[in-house]
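Look for chain A in each of the two complexes below; its partner is chain B in the first and chain C in the second.
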Partner chain A sequence: MIGTVAKQEWRLLKADRTLAAVVVLMAAMVGYSLYNGSSWVAFQRQTLGAAETEQAERKGKLLKTLKGIEEGRIEVKGTQDPRSAASIGGNSSAPYLAMPPAPLATLAVGQSDLYPYYFKLNLRSKQAILANDEIENPTNLLAGRFDLAFVLVYLFPLVALALGYNLISSEREQGTLALAMSQPLTMREMVTGKIVLRGGLLLGLVVLFTFAGALLTGVDLGSSTVWLRLGLWVSLMALYTGFWFGLAVLVNSYQTSSATNALTLAGAWLGLVLVLPSVANLVATSMYPVPSRVEMVQAMRVAGKEAQSKGSMLLAKYMEDHPELMPAGEKPAADFTTLSYAVQMEVDKKVEPVLKRFDEQVEKQQAFVEGFKYLSPAILAQTAINDLAGTSLGRYQHFSRQVDGFFDAWKGYFLPKVFAKTKLGSGEVAGLPVYQFREETDGDILGRVGVVLAGMLVLSGAVLWVGYIRLRRVSIS
Partner chain B sequence: MLQAIGLSKSYGAQTALDGLNLEVKPGEIFCLLGANGAGKTTTINLFLNFIEPTSGLAKINGLDVASDALETKKYIAYIPEQVSLYKNLTGLENLDYFATLASGAAVEKSRLVGYLREVDLPSGAEDRKVSTYSKGMRQKIVIAIAMAKQAKALLLDEPTSGLDPKASNEFSQLIRKLAGNGTAILMATHDLFRAKEDGSRVGIMRQGRLRQVLNTDEFGHADLERIYLEHMHD
Partner chain C sequence: MISQIAKKEMLEMRRDGRFQVASAIVLGLLLVSLGIGWQQYVSVNRQHEMARAETREQWLSQGKKNPHSAAHYGVYAFKPKSPLSLVDRGADQYTGVAVWLEAHKQNEFKYKPARDANTLARFGDLTASSVLQLLVPLLIILMSFSSFAGERESGTLRLLLSMGIAREKLALGKALGVAGGLGMLLVPAALIGSAALVLASDSGSFVANLPRLGWMTASYLLYFAAFVGISLTVSALAKSARLALVCLLGFWIFNGLAAPRLFSDVSRTVHRTPSSFAFSQRMDGELKKGFDGEALKKKVMAQYGVTSMEALPVNFLGISLKAGEDHGNEVYDKLYSELWDTFEAQNRLQQQGGVVAPLMAMRSVSMGLSGTDFAQFRDFSVAAEKYRRVLNDAMNDDLKNSPKTEGPYMADEKLWSKVPEFAYVMPEVNVVLGQQAWSLGLLVLWALGATGMAGWAATRRLRAE
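== the complex of A and B ==
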């Protein structure tokens, strides 16, 4: 029976050209968004490639100079000694720490245009690294890109609702409902046949076009993590489709006209997809306000000024604490470089509580939104797609932790040498650690996306369940 | 085949059908007459289980409609007043869908075309979209559905309203043919002429009650109109 209804739906969609319209629309939207996503990824790859080349050239040049000095071919002139720890650690061998785009990055731009995906290391504070980001038109950043995630989270539900808003009402309005229901067919069977075909068709098209797009944009289908992610992505989309068709069934069960259904569903879309996420943001930012950036900058300035004024005292105190760093046979150095690092360390210490408060509030906001997201399937879908594409906050934090670790190790190695005025040789420079981004494990992804899938299952299941319960009471005459 | 036992339906204080007792035997055409709101359509909807009775039973082939809804629908065919089909599909596609639903399995195309010839649908019309059909042609498709289903009972709601005399006549012949094959037919109508012509019995309804049942061979056309109007006036 369900199969018969599904077959009839197929005929109907074909006959009134809905099928053709949906195919063209989905192909255009998926195609354009994947093009956008892949050009963003290509830009990132190009940038990272250029950074890597620059870094290799710089290091090569440094090694050449150092060898030259060691072999006595080059003479050190002026104040800048290329062998100094400050110069090598802070500039000439400072690496880029990069988070390369994940395998499915073309699916979602996500947070990747807001958060830096590479840092150039130095020996200063973390703030100095963070301030080193790209300049992008803020309007673009605010609106976000037309990526596949946008199509799937925001536009896909509209297409689903366009296919589902008149599941029962159209049959009633064109007068075929009574004829169908005078056959041995239940209302539930009829509705199931309809949503199985319409939902399945829509889902099938999206999956087909995305896989085709993924192949065209060079996604490596040979790796198991790609398949895991694609599998999770298909499950997510199936549940998301289920939710919107469930909502259509629920609204149809109230037996209102097609026009009323369309309005009601458009309102629901607006609420769940646009209003609820904004409300979540608003509530989060007013419940846990972040201290103003001005306050942070002010604190840094004050601390900076204070530290500057007693720079030599700070340095002397530091050298007292670390007598082993005293340059052999010399008085404690008090040149510009060492003084400035001593001041820097003091400023870092002073500013730390302000930064911590800043981070804490942001974390609280995120924790709040984390809970809030289970109210809206759109927020759920967006977070899961970002996770699968590797453009989520989670992966960014994962990267940020790696950066912190490497940065601390880097400073731990170089700063004592700066104060001790140690000179580095080519052997030491060649042996410096190289940063390699560690990708999130499949387990990390599975854990985060699994929870979202469970939430989505509950939402979709609840809507479908209530809708199907109500179908029993739908009258035919 | 069709049986109503003390069948009643009320909506709050308003009684749409009041203690209807009725039996339509195989091969019989029973015409329900009455003004709008007399309870004719309510009776048909109760047999279709589109609404639930307040009290009493509607039985098809001995089975209670309310408790065996799906099973009883295997035996009946229904022709609504507004015969609506899927406009964008052809007559044959419409027939295919409903016949498959009715019998629970796909029906061969040649058999479907055979039914369409039997109901006298103009040759070639089956491949045209239903949006080009007249009401009479749409009705023929629905009768073909009843044939494909091999329905034991047929429920008709004002089938001849809006038909021209020729189409109305063709329709009558089809109905009589089905009755001749042993189908029990319950027809709600305003058409006294057709009721007298086609019906085996007529029942006159008013305000939810069946006031009188007559055998059509016991009176003439003029008598029926007189009796009908008498019931309407008092």
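== the complex of A and C ==
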């Protein structure tokens, strides 16, 4: 019976202009947004390529110089010794640490326009490295981008509601409801047939267009992780579609007119997609205000000033702690470079608690917000799509931890050599560790997205369930 | 007659539960966002004031130092928050808050608040401006989509017209009815907003901000008038109230959700922003070219009429540092102007998007008058950079005239206090109005065009069935 209803619905849709309109609209929106996403990915790849070239050239030049010095062809002149640890570690062989766009990055720009996707290492403070970011017009950042996630989270529900707002009401208004119910058909069967066809069609179109667009924009479908992500994405969209059609069923079960249904559903969309997230944000920022960066700047400044004033003392103390680093036959030489590194280390140590307090408060706010996401399917969908596209805050934190680790190892290797005034040779430089971004595992993704999917399942299930229970009480006349 | 129609419209609104709920929500959100905006303004402003005093104190009390070393120590400049940011935060979340003004280098502003925000922030800030720009138009649509179409469907339109009422009067009455309904909502909000502004600012700055507030109120009224006009036009022309609602909602979505993103994409494609990598590579390349040290030496020796560097009556270090600064400044001026001009070209294009989506014009005017748009961020950046140069010139000048003795030369607080404190004054309202001429013009056109259209549609195209 459900099949018959679906078939009938299909005939009606075909005869109507609605189907053509939905197909064209979805194709245009999905196509344009994927084009937009892929051009942003291309921009990032190009930048990373340029950085890699520059890094290779710089290192090649350094190696040539070092070999020249070792073979006696080049003489070291002036104050800057290219063999010094400070110059090699801080500049001439300092690598770019890059996080390349994930395979499905075209799906969502997410937070990728806000957080840096590569860092140039140095031997100075982490703050100096982290503060670097991509140039962008603030007005554009404010507007956000027309990416697939925007289409799916904001606009897709409207199309779904346009297809579902009159599930029962139109039959009643046309006088066909009593006719249909006189057949061996229950109200639930009729509604199921309708939403399976309409929802299935819409979902099918989105999936079809997205896969086509992904292929056209060069997403590599060869790896299993891409298929896993695409599979999760399709499940997410199925549940999201289910939620909005469930809402349509629920509203229809109140037996109001089509016009009233449309207004109510539009109101629900407005509340869930636009108002609720910003109210939640407002609550979170009011309850866990992030301490001001201005205060942090001041704290760093004070620490810097104190450390500066006792710079030579710090160096002496450092040498006392590490006598093995004392350059042979020298007093602790208070030259500009070593002194500044001694000061830097002290500042880092002083500033650490301030930074920690800052990060903790941001994390608290984020943790608080995590709970909010279950209030609105739009927040859930956005979070999951960002995770699947690899543009979520989670992946940036994952990257940031790797940067931290590499930075500490890098400093651990070079700073003692800076203080000991060790000179490096071409062999050592050629053997320096190379950074390679470790992608998040499928388990990480599955863990984060799985929770979201479960939340979405509960929301969609609850709406559909209540709607279907109420269907029993819907009268025919 | 007109007032009777208007009264009837308002009575219907008051009786409609849906409208009451919607208005209450909008009013509530408006008041909450104003309150939060006020609180944020007050706390950020206090922090910045404190930091400003502190950074000055640090500069003055840095002790005995070589002037160049003091220039390296530098000062921080913190972008002040404008009182009207309590209405519209604009791009504030996406511009850095602090810049370090040091020797040799024009630094970027650091610490965008958006980077420390939680992930919900990208769904949009709840500010008074977003309520006014997005939700109030929606309310207008809800209030007026059935004005004509609904009466036609229920048959009362024929009745009304048969009574011989002039169609102009009918249209005006309907428009006034919507305006009255809106007024019940907006007048208290405007009063509370103004009160918040008074509380937020000291007496002097409130008066200084009054013209901005006045222009802002006027431009929002134009924006709302445009929406009333559009809604009435569509309601008069549409076959049914349902069709009118669908068309109006479609326009609302395009205007509020799609247009800002579409126009920012288009502007980015037309005026390309360089990558940060390419920009800094170019900057390094230009800076490395440097200046000709030997030529400078010759020039200075000729200027002072001596034949050897030792015979110079001044300290050459100060002169060469100054020459280095001048070279750097030339490069910075060139590259940053180019970059910022690109941003402004993008923003101009987005303003022009107001031709099809009035929000684009309204957003621009609102941010501009609130002092939270890119143009005013640039204005502050330029002022801070100018101050950096004043500070560096003072240090290098002192170095140039320092005695050529053995051992390092040290200056003290006498020199530090010679550098005036950094003081920034926001641009006058006229400057902002100049920048927003396009948008303001478009808003006026929209308001006149849409209300004119509504009048035309209601008198010439209104069918009784």
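Note that in this section the second predicted complex is superposed on the first by the 477 of 477 C-alpha atoms of A that agree within 3 Å, B and C clash if a C-alpha of one lies under 4 Å from a C-alpha of the other, contacts with A are read in each partner's own complex, and residues count from 1 in each chain.
Criterion: contacts are C-beta pairs under 8 Å (C-beta built on N, C-alpha and C of every residue); 3 or more make two chains touch, one makes a residue touch a chain.
All values derive from a computational prediction rather than experimental measurement.
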item	value
Partner chain in contact with A:G175 - chain B first, chain C second, else both or neither	first
Partner chain in contact with A:M1 - chain B first, chain C second, else both or neither	first
Which superposed partner A:L12 touches (first chain B, second chain C, both, neither)	first
Partner with the higher number of touched chain A residues, chain C or chain B	C
Contacts of A:L185 with chain B and chain C, given as first, second, both or neither	first
Partner chain(s) touched by A:A56 [first = chain B, second = chain C, both, neither]	neither
First (chain B), second (chain C), both or neither touched by A:V369	second
First, second, both or neither for A:S475, with chain B first and chain C second	first
In the complex, chain A residues that touch chain C	36, 43, 46-47, 50-51, 54, 111, 114-115, 118, 131-146, 150, 154-155, 158, 258-259, 262-263, 266-267, 270, 274-275, 277-282, 284-286, 289-290, 292-298, 301-302, 305, 308-309, 358, 362, 365-366, 368-369, 372, 378-379, 382-383, 386, 392-393
For the chain A and chain B complex, residues of the former touching the latter	1, 4-5, 7-8, 11-12, 15-16, 174-176, 178-186, 475-477
Residues of chain B that touch chain A when the two form their complex	41, 45, 48, 50-51, 70-71, 73-74, 76-78, 80, 82-89, 93, 97-98, 100-102, 104, 142, 145, 149, 155
Residue numbers on chain C that touch chain A, as the complex places them	18, 22, 25, 29, 32-33, 36, 39, 43-44, 47-48, 51, 54-55, 58, 62-63, 73, 76, 78, 90-91, 93-95, 97-98, 110-126, 130, 134, 138, 142, 241-242, 245-246, 249, 253, 257-258, 260-265, 267-268, 273-279, 281, 339, 342-343, 346-347, 350, 373-374, 377
